[in-house]
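Before anything else, here is the set of structures, which you'll find just below.
Two complexes, one shared chain (chain A), two partners (chain B, chain C).
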Partner chain A sequence: MTQGTTQQTRSEPLPETVIDCSELTTRDINQALRDHAAAGTEAVTLLNPAGRHNLAVGLASPMRIAIQGPVGYYCGGLSDGITLDIEGNCGWSVGENLMSGQICVKGSASANAAATARGGTICVLGNAGPRAGISLKGATLIVRGNAGPSSAFMMQQGRLIICGDAGENLGDSIYDGEIFVGGRVASLGADARFEPMTDSDWTMLTSTLAPFDIAAQEYDFKKIVCAKELYHFKAREFSKWKDAY
Partner chain B sequence: MTDPVLYTSSTFTPQVIDAIQTRAELGRYHIRGFGALRNLPRLDDLVFLTASLTRLPLEGYREKCDTKTVLGTRYAKRPMELEIPITIAGMSFGALSCNAKVALGQAATWLGTSTTTGDGGMLPAEREASSKLVYQCLPSRYGFDPRDLRQADAVEIVVGQGAKPGGGGLLLGQKVNQVVAGMRTLPEGVDQRSPCRHPDWIGPDDLKIKIEELREATNWEIPIYVKMGATRVKDDVKLAVKAGADVIVLDGMEGGTAATQSIFQEHVGIPTLPAIVQAVEALKESNVYGEVQLLVSGGIRSGPDVAKALALGADAVSIGTSSLIAMGCNKPIYVEDYRALGTEPYHCHHCHTGRCPVGIATQDEELMARLPVEEAATHVANYLQAMVMETQSIARACGKSNVHNLEREDLVALTLEASAMAKLPLAGTDFIMGIGHQPGH
Partner chain C sequence: MCGIAGLIYHSPALYSSLGSTLLALIQPLESRGPDSCGIALYSDQITAGQVKLLLHGTEATPWQQVHPWLEQAVRIVQRRDVPQGLQLTVDLSHSTFDPVRFKQELHQQFPSLHVVSIGQSLEIYKATGSVESLSRKYGLSSFSGSHGIGHTRMATESVVDTHHSHPFTSSYDLSLVHNGQVSNYYKLRFQLERMGAVFETQNDSEALAHYIHYQLLQGKSLEAALHQLLQDVDGTYTFLVATGDKVALVRDKFAAKPAVIYETENQVAIVSEYRALLTLPGFDPAATIREPGAGEVNIWSVTPSTMPTRTLVSQ
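Up next is the complex of A and B:
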């Protein structure tokens, strides 16, 4: 057993393995998670994360991880197939480059949530800071609260679902993918445009949000997609390009 | 009747006239490949003081001159061990054809050195061909995959490159075919404009955390390089060192690209010569010289360039454009196809068009077939081998049994500007421009 790891003794059906982060280095913690994954442990709880950066990064096994407290940058980053619950707020770039799996942040997320994530789902039950879903490449990012400015900047594929309000420059320089906003949109960025909601959009939102106890029908969702006007340069449309190219 | 005398304006040269009229046609800046066309202070402006009576030379064909090079000794459990001090620089599949990428990997493998991925991710065939592969982590993160990261022998975080420091990459729609678009998660045929900043971190304090993330994801096994275009070199190198880089990769303004605004190539950054000198100073002032290795690139063409870079304090060099030239870039074959692009062999910089006559910078199947992998790899390997032999020849002539023993004391400058930039004495004098007379030099 890795140093600092104890067996869970409470009677409730909680995860079996607990790692107390307070006496361990980040290297020790991540190595312990890898060791548990290799040993076939199904679920691990991390206690006392104390805002530490780089927890649960680069994991490639379908393990359930619960982190009891706030975390720093890159929590769950570069991972593939994990199920991660963060019982607190998180710093920059939670779930960065996630390939598959699910991350749920019970608090709020700082900047760049789900940056460049390629698969899986990241759900922030609080608010998300600026640039949420930046360079998103196929994952789904859900924000139950509001999202900051320049969210979905240079988004390439996937879905950004913001139940609350979206800050300025939403979807700036988006290549592809879909953005849904349940509240107000401060402004759209270059090459983003509204598109009418369809029945299939509502069906998708209902099924995607339900696992997080969010009722899609309670929100006035608007849909934003790429206008595709900046795909190729056009000299006669300089006003669009001078700030975008 | 005699021919009229033609007067040429020094302000509005034929090139300037063409540049103005090109912009008048396009309504935007000019985009092109290759690198800076202008004349720059370069390593040619330095010469070696080889052995005579004050130093003993080594026998050229009999006495050993070691070329082994190790990069990434600071934190990595598994540093990059190379047989030669020359590596292949990052160039993307997308900018280059699959054949070109595989040939580079094959040549590097034959010579015991590394090659590097590029924007767009790791091509499986490239991984297979390359015994030592550096995986780039670029601002775009096109195709970035932790599964590929775990297969890499080093990671290179790209902050910038010499051809366009401060600017993002470009890949025009004609090269974004189905395969390239799929690897980059982009719509087919789109003009791809890569970001210039990383999506998940911004300043050097964040970079430190990013480096830790990559180390954790790779179990601290492989080195982390940080690549930068040469601008404010001293500060940038110190910040990268503080952020935890194992290796600094510094790309001077002679560095090439498959496409960028020509204004970047000609007016942005500093040449490789002063960049090396400033980087070495920064490493020494940070007390990590020898602990953090320096890999320099940008206009390296020959063994003498390699030897001069090592003598100035670099640990290794990286080549990009010259490796493509070795495999046939600008070769006088398929001349009609050069002309169709409005250019001629030796002058082509049309990588951005995707119509590379020799099959290197293209995604067109027919053009790519003009570049047989085995032949291209052989040419690159021969060229690398020749450069290593040239470097060893100079090192032996300087009395060194290891190319890494070349030192500043072996060099002098031919011009005042090279003297000022390299902080070396002007040949035949003890005068260093900007410092003054230094008796004993």
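Up next is the complex of A and C:
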């Protein structure tokens, strides 16, 4: 393919970078976002999201998106390389299976924030609901407030940073990855254990939280990792399995 | 997946919009449950000693025979025809009325007839199909009252028909809408039937209504009954249960099913999803929206100036 044909298929950036959701179907909105990304538009603003599900889902090209208001379920999910700001609360599973990029929720997030996210950073400036970072597979999830019960359930890779308190059963059945909690931990789940903080942990927290104007030093961070006692089933440890969540 | 909604007014000035507002709250939740829908509405409009009875039949119901049978069974004060059914106001002040026996005898005599609700203030309207068609069928948008609960159903465990749709009732003025599954349903049903409960459907949510009624009969408060339920009922559930003067919201200890709570001085609205709140008249987008915690019981009284009781399950 010559450079000429590439330029032809790649049309001029679309002039309109504000999309009003109120008159469009969700499919139309996501198609418009894809069209903008393909045309090289750098930033798009979505107005009147009205708590709608599946906004900015499956976008595979870098683009800045700002959503002015609360969104529903799966916002930004399955995306790769986007920079998404949500000016409001969001429903279940924000940034589910994010591959790379950054999602910042200015309000609170409901259950399953960053579920199975493989890469990138998801930051919730308010509180997160139950099962935050469930099955996290490599992304970084930051919660400035508190996170609900069963957060980091079956986490496999990546980082969950909770500046506030963590609910019951934190890190239950965790495989790997790191959890940091600045506040109180209600209880640890099966096979999760505390580990002493190191200097490199503090350095990492300082640099990871700084872009969101969060000062790591203001929190009493504790580190939780996998105890790796349930990697292999041993009959004499049956009680540990039985008590697993 | 199902949709649930509840509405509690603390100000009588709002009563006239109960029907239209509750319908508006469940309409966006049709996407969570397109099979059937229903609402339980509470209005305090009848005299002491009387109850409202709602009967639901089919096209096959022999109404000419039903009327004389009802005349000899109960003392009818008022009668109103509703689509495929009948609403009666019955005087119980000089009779010994046993609702369970009445239901059984009526159903035995006319198998196509069901008692949808009994109570001083409760009226239940439910049907397969859309919220709009339910509203039109029964003219519910002008219904005035103090509180109510609603449901949109996506059947997972039992058949799709009017009687298997929510709300369910198990006693005077008690109604329930549920999102989730009861995994120890057969065990619960067996135990409750041994205690005298008469199940009318195969829907697992009906067991919750019978369970709560049974606990109340043991002398438990609604709050104590619901805490006991959290211990005894397995499965996933976020449900609303309403009585003549209260609405309670219960969420299982895994917080598996959603709900959001919007609370102002004059009213409380509970819905499965935030977007449904946007239809609420006078909705303040800046207000704090709260979600019930895992294993949490919330109870609101309809009378003004009472704060909700909010308690967690003992771990």
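The rule is simple: the second predicted complex is superposed on the first by the 227 of 245 C-alpha atoms of A that agree within 3 Å, B and C clash if a C-alpha of one lies under 4 Å from a C-alpha of the other, contacts with A are read in each partner's own complex, and residues count from 1 in each chain.
Everything that follows uses one rule, which is that contacts are C-beta pairs under 8 Å (C-beta built on N, C-alpha and C of every residue); 3 or more make two chains touch, one makes a residue touch a chain.
Remember, predicted model here, so these are calculated numbers, not experimental data.
Engineer: State whether A:N112 touches chain B only (first), chain C only (second), both chains, or neither.
Structural biologist: First partner only.
Engineer: Touching A:P130 in the superposition: chain B (first), chain C (second), both, neither?
Structural biologist: Only chain C is touched by A:P130; chain B is not.
Engineer: Return first, second, both or neither, reflecting whether A:G183 touches chain B, chain C, both chains, or no partner chain.
Structural biologist: A:G183 contacts neither chain B nor chain C.
Engineer: With both structures superposed, pick whichever of chain B and chain C touches the larger number of chain A residues.
Structural biologist: Greater contact footprint in residues on chain A: B.
Engineer: After the superposition on A, what does A:G145 contact: first (chain B), second (chain C), both or neither?
Structural biologist: A:G145: touches no partner chain.
Engineer: Should A:W92 be classified as contacting the first partner (chain B), the second (chain C), both, or neither?
Structural biologist: both
Engineer: Report for A:E168: first if it touches chain B alone, second if chain C alone, otherwise both or neither.
Structural biologist: second
Engineer: Given the touch rule stated above, what does A:G72 touch, chain B (first), chain C (second), both, or neither?
Structural biologist: both
Engineer: Shared contact residues on chain A for chain B and chain C?
Structural biologist: 72, 92, 131
Engineer: Quick check on the complex: what are the chain A residues that touch chain B?
Structural biologist: Where chain A meets chain B, its residues are 26-27, 30-31, 34, 53-54, 57-58, 60, 72-74, 77-80, 92-93, 96-97, 99, 112, 115-116, 118, 131, 134-135, 137-138, 153-154, 156-157, 173, 175-176, 228, 231-233, 235-236, 238, 241, 245.
Engineer: Mind pulling up the chain B residues that touch chain A in the complex?
Structural biologist: 26-28, 140-141, 144-147, 149-150, 173, 184-187, 189-191, 193, 195, 199-201, 206, 209-210, 212-214, 216-220
Engineer: State the interface residues of chain A toward chain C in the complex, per the touch definition above.
Structural biologist: It comes out as residues 50-52, 69-70, 72, 89, 91-92, 110-111, 129-131, 148-150, 167-168.
Engineer: Hey, which residues of chain C end up touching chain A in the complex?
Structural biologist: 254-255, 258, 273-275, 277-278, 285, 289, 291, 293-294, 315
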